[in-house]
Amino acid sequence: MYVELKDIDKRFGSFQASDGVSFGVAKGKLIGLLGPSGSGKTTILRMIAGLEAPDAGDILIGGKRVNDISAAKRGVGFVFQSYALFRYMSVFDNIAFGLTVQKKERAYIKERVDELIRLTGLSGLEARRPHQLSGGQRQRVAFARALAPNPHLLLLDEPFAAIDAKVRKELRSWLRETIGKVGITSIFVTHDQDEAVEVADEIIITNKGRVEQIGTPTDIYKNPATPFAAEFIGESLIIADYGRLHGFEKLPGFGSAVLRPEFVRVVKPEQEPYPHASQRGTVAEVLFRGNSLELSIDVSGIRLIAYHSLDGDVFQPGDAVSVLIHRLFLLGAREVKKTENASLQNNTAFFI
Amino acid sequence: MRVKSFFSKKTVALSLALASFAGLFSGCVGSDSDTKAPETIAITNVSYDPTRELYEQYNKLFAAYWKKEKGQDVTVTQSHGGSGKQARSVLEGNEADVVTLALEGDIDELRKAGLIEDGWVQELEKNSAPYTSTIVFLVRKGNPKGIKDWDDLVKPGVEVITPDPKSSGGARWNFLAAWAFFGKLTGATEETQKEQIKALYSNVTVLDSGARGSTTTFVENGQGDVLLAWENEAFLSLKEHPGDFEIITPSLSILAQPSVAVVDANAKKHGTEEVSKAYLAYLYSEEAQRLAGQNYYRPSNAAILKEFDTTFDLQIALVSIDGDFGGWEAATAKFFADGAIFDQIYKK
Amino acid sequence: MRVLGLRKAPSRRKGVIPGFGLCMGVTLSMLSLVVLIPLASVFLILKDFSLHEFWNVISDRQTVATYRVSLGCAFTAAAVNVLFGVLLAWVLTRYKFPGKRILDGLIELPFALPTAVAGIALTTLYSNKGWVGSLFERMGVKISYTTVGITIAMIFIGIPFVVRSIQPVLEKLDAQYEEAAAILGASRARTFFKVILPEILPAALTGFGLAFARSIGEYGSVVFIAGNIPYRTQITPLIIMNKLEQFNYPAATSIALVMIVFSFIVLFGIHVLSARVNKIAGGGAGG
Amino acid sequence: MKGKITRWVLVGLGVLFIALMLLLPLAAVLVYALRQGWATFLSAVTDTYAIKALQLTLLAAGITLAINTVFGLFAAWAITKFRFRGKQALTTLIDIPFSISPIVAGLVFIVVFGRIGWAYPLLEAWNIKIVFAVPGIVLATIFVTFPFVSRELIPLMQASGSDEETAAALMGARGLRIFRRVTLPHIKWGLLYGVILCTARALGEFGAVSVVSGHLRGKTNTLPLHVEILYSEFRLTAAFSVASVLVVIAVLILILRNIVEHKLKREERL
């Protein structure tokens, strides 16, 4: 593990920002720290950078304990949420700042900055001041500035928060590609699951100062380890009385269940292939979502959300439909149980 | 290494800050040393407001005299302000060599504080009062309100300007003169005196904190019908604004004795005892006495006073602080202390 | 993350920005040398003074009367200043007219003009013989040496505080706000009172507090114009002077202490108020 | 139409208020100064004591400025760049001199350094004089103008946050470089603004200085004190002449202030 956190505790007054946080990051990986605001993800990032000191626990970078090493000497590049570009310096001077501080030779600085400007596609903007740049360009400058002194670890705090939604998508893939090109171990913080899923190799989900789950995006999506992870990732509908859904039984210790729209399949009643496993419902609302239809359906007094292909049957509010639910995540106190539709399984078993 | 460099930076900045402070404080050490140079000697005379013109001339006179006597150049630094305020500044550390104030009481505060030796009043002739004055009325040209004597001041509609006796030496003389007058009326008791005084002060529209302030208020800012003033101030106002004012001498007033004294502690410290003593003693010389007369102070030398009989009304009946009020200590306690008669007349 | 910003981390290091020790060292030592130690010394003077004597001095009827004059005049002056401060700030931020920059520049005049000069000028101007005073005298109104005069001097010194507190808020207040209100059919007056006034109220209060605190303690420009008549036109700084003239240091110090405590309360109130204003202004931005 | 009328009424009221309250006293000083002609004016202004008072005033203002600027920078840095307990209290403490009556401010120094003060025996032993000498005047001036620079800087530095400084520190820059390269460019106009206000106040301070001065002619008289003395010596014209010098200085400072504020606003738009 290149970066390791061991039992980190951190309090701000009565606020517990980190509560026994432990995880490791392998060299060369791009890690997303994902959690709602106040979950302690930024604090973790700042502690790795050395901007905050943990109350207890060890932080290791490259196998060396860095708790007592000052931020400036950890060899870490940091991209601030606000980018914190020096507004009275040109783009060139911004990127060169770290190297100037290290008293590098002028020729080397010029070469290195030019290289980064090319890498980040900022050619021609060297003399501009930050306020003359667009949001995306600013992010690139911040990125280049953090990379200039050749850090071993790059930390990014909400790198896309200050950028327009339209440009954001484009920048995400740019960032992923560029970090891949440079090959630097990176950790970024985000509250946006789409961003984490798209950009990160691995995601660390944080909540209330704890790490909830660590894993690849698909892994977390398919097998959430904690109720929080199950709710936070994907589009989740919480159903309290899930025993009323066909094919599922209320289990003791699991008070509610998470249903994702993709777990629901809707057809016209007469076309239902698994009558045993499905149940009847009524369409309450139909919303056009660009690439699909979002249906709200009342089933046994529970309102479900389902996605439906544009090419499939056409439904109107009030239509009777047949609803099949494949799967539910049952939420316990600390654990999650993935349950498949029992009737469907029985059926399958019967036929095979 | 880091720790060390951190501390060294801190030390540099701290010592810089301290040095700037030290520089401030040391500013004055140097200036003290030139008082000790043999050819020139410098003394400080802390005085009260109206004596500026007098001492400006007297200092020249004395410098010439001292040069002739001792061959030394003497420079006198003057300070003027309200008498009480000036005494206080000396008490608080303003290092005057001599004080020439309006009230014996103000100088006596310095004795109480140990700056002046006991028995200073007897140090010089005439109770250490080289010149005297009295309290008169200054009214506007033609005396439109017909003010002749103290009892005219209590009439309704007369606006009186006088300073606050709590803070001004001159104002205490005014108060006591009025008190004495009301005491001489037939059938006067302390009660009637208080009532009359109260009536007088309820006619006061501006109670400045110093005598000079009152004069400015009356003369320059046009407030009130009559100003209770030092005789010398009144004359000065006539001189500054010829034709605007008249002096009215009441039938009875008070002998105001501005006192002078060497501040022994400071003179000793500066090594200026000899010149300081000479500075005050020379005030009694004929030239100086004449100078006082020219500046509208009554010379204490009777012969010189006679020379000015056209200026001063020498017929006025004068009460004195020692003879009629039992000295400043008693007068202050009875009239001007917190809760004493002056405060009582303002109680509703 | 706002929560994080409020409290100090109980850690050994104070974050990465250097200079905490140095800055706090210099700040605290200079603050102590120039302000705190001298101020604390006030208590030394009072060491021989019993609580009873202290209370007697500060609650003496004449002294209480000076508080009334000082506070009353300062309050009136601050209130007048808020009224004209809002007007001036409004005029300066919303309208274009010839001489606007000169008018804007003049606001700080009371700040730049030595208080003694201001005092002498105002007294001369408003006395019976002065340009303004003589006009009013004909109407039978006296200004110099009355509480009116004191109030005018206090208005003079308070103007910049109020205008400069309100102006930036009005400048930042988007004109769209007013436009939105206008489109909704609100009259100009209604827009002002319902939309703009609530926005500038905290700033106006801050300005009021600053002007008020300054006026209470002001000496130079007020002393010349105050008549110093006990119970009527004697202000608190003058009675402190009075006690000093009588060599009554404990009494002077006691009254001074009352003023210090009062200023502190007003100041602290302003700080709490402006902290709240900042919180509202920064609302949502914290994340 | 109605809007236009309101507008002119409001502008008119504002101008009238300023003219009455601010311009008139200013004009009064100048008119009174010159009412006995230029000769009287010049003789009052070029009087030895007036010139010495001017020198002392400038000296006191200069030292005050240096010390308060240093303090303001350090204090603003400490308050805006770090988190610590009691910050609110510290800010209030710094602001105290601002609302303390100048009389009390002066008294406070008498109580420390005067003959009745606790520090007096100490100073006496070293033969150092503070009150009734130049250091006392400087100290009183520093006290009264103490918060001026920091008051301007703190909001400015608070608004700009400390991310830029953190970023610079993270790259290994030391304090002085961070200050010079990152912070100073941002606050320079604000700093100058504070310095100008501080100068204005320092030049004009009267109450506090009057208490600690002792009014020694040619030694501890500042220009405002000299004005008061002339005033109470019946030399009204001379008093106003000297006052007009202060007025001219004040107006110059205001013009300077206006230019600086203009720059400040332009920078803010960045």
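To keep things simple, chains are lettered A, B, C and D as they appear, and every chain counts its residues starting from 1.
Note that a contact is a pair of C-beta atoms (placed from the backbone, for glycine too) under 8 Å apart; a residue touches a chain by one contact, two chains touch by 3 or more.
Remember, it's a predicted structure, so these values are computed and weren't measured experimentally.
*Asks:* Taking each chain's centre as the mean of its Cα atoms, which chain lies farthest from subunit B?
*Replies:* Checked the centroid distances; the maximum from subunit B is A.
*Asks:* Taking the mean of the C-alpha atoms as each chain's centre, how many Å separate subunit A from subunit C?
*Replies:* Taking the average C-alpha coordinate of subunit A and of subunit C, the gap between them is 52 Å.
*Asks:* Report the inter-chain centroid distance for subunit A and subunit B in whole angstrom, where each centroid is the mean of the CA atoms.
*Replies:* 85
*Asks:* How many Å are there between the centre of subunit B and the centre of subunit D, using C-alpha atoms for each centre?
*Replies:* Roughly 33 Å, centre to centre.
*Asks:* So the centre of each chain is just the mean of its C-alpha atoms; given that, what is the distance between subunit B and subunit C in Å?
*Replies:* Going by mean C-alpha positions, subunit B sits 36 Å from subunit C.
*Asks:* Among the residues of subunit A, which are close enough to touch at least two other chains?
*Replies:* Those would be 50-51, 70-72.
*Asks:* Going by the touch rule set out above, which residues of subunit C reach two or more other chains?
*Replies:* 6-7, 9, 15-16, 22, 26, 30, 124, 130, 223, 241, 244
*Asks:* Taking each residue of subunit B in turn, which ones touch at least two of the other chains?
*Replies:* Where subunit B meets two or more other chains at a single residue, that happens at 9, 17, 91, 213, 220.
*Asks:* Which chains touch which?
*Replies:* So, checking each combination of chains, I get A-C, A-D, B-C, B-D, C-D as the touching pairs.
*Asks:* In their shared complex, at which residues does subunit A touch subunit D?
*Replies:* It is residues 49-51, 71-73, 76, 78, 80, 82, 84-89, 97-98, 101-102, 129, 131, 145, 149 of subunit A that touch subunit D.
*Asks:* For the complex, which residues does subunit C have touching subunit B?
*Replies:* Subunit C reaches subunit B through residues 21-22, 25-26, 29-30, 33, 60-62, 123-124, 127-130, 144-145, 223-224, 227-231, 234, 238, 241-242, 244-248, 251.
*Asks:* So in the complex, the part of subunit C that touches subunit A is made up of which residues?
*Replies:* Touch residues, subunit C against subunit A: 1, 3-4, 6-7, 9-13, 15-16, 287.
*Asks:* Can you check the complex and tell me which residues of subunit D touch subunit C?
*Replies:* Touching subunit C: residues 2-3, 6-7, 10-11, 13-15, 17-18, 20-26, 28-29, 32, 67, 70-71, 74-75, 77-79, 81-85, 88, 90-104, 107-109, 111-112, 116-118, 139, 142-143, 146, 162, 165-166, 169-170, 174-175, 178, 197, 200-201, 203-207, 210, 223-225, 227-228, 231, 236, 239-240, 243, 246-247, 249-251, 253-255, 257-258 of subunit D.
*Asks:* Quick check on the complex: what are the subunit C residues that touch subunit D?
*Replies:* 5-9, 14-20, 22-24, 26-27, 30-31, 34-39, 41-42, 44-45, 84, 87-88, 90-92, 95, 97, 99, 101, 103-122, 124-125, 130-132, 152, 155-156, 159, 188, 210, 213-214, 216-220, 223, 236-237, 240-241, 244, 249, 252-253, 256, 259-260, 263-264, 266-268, 271-272, 275
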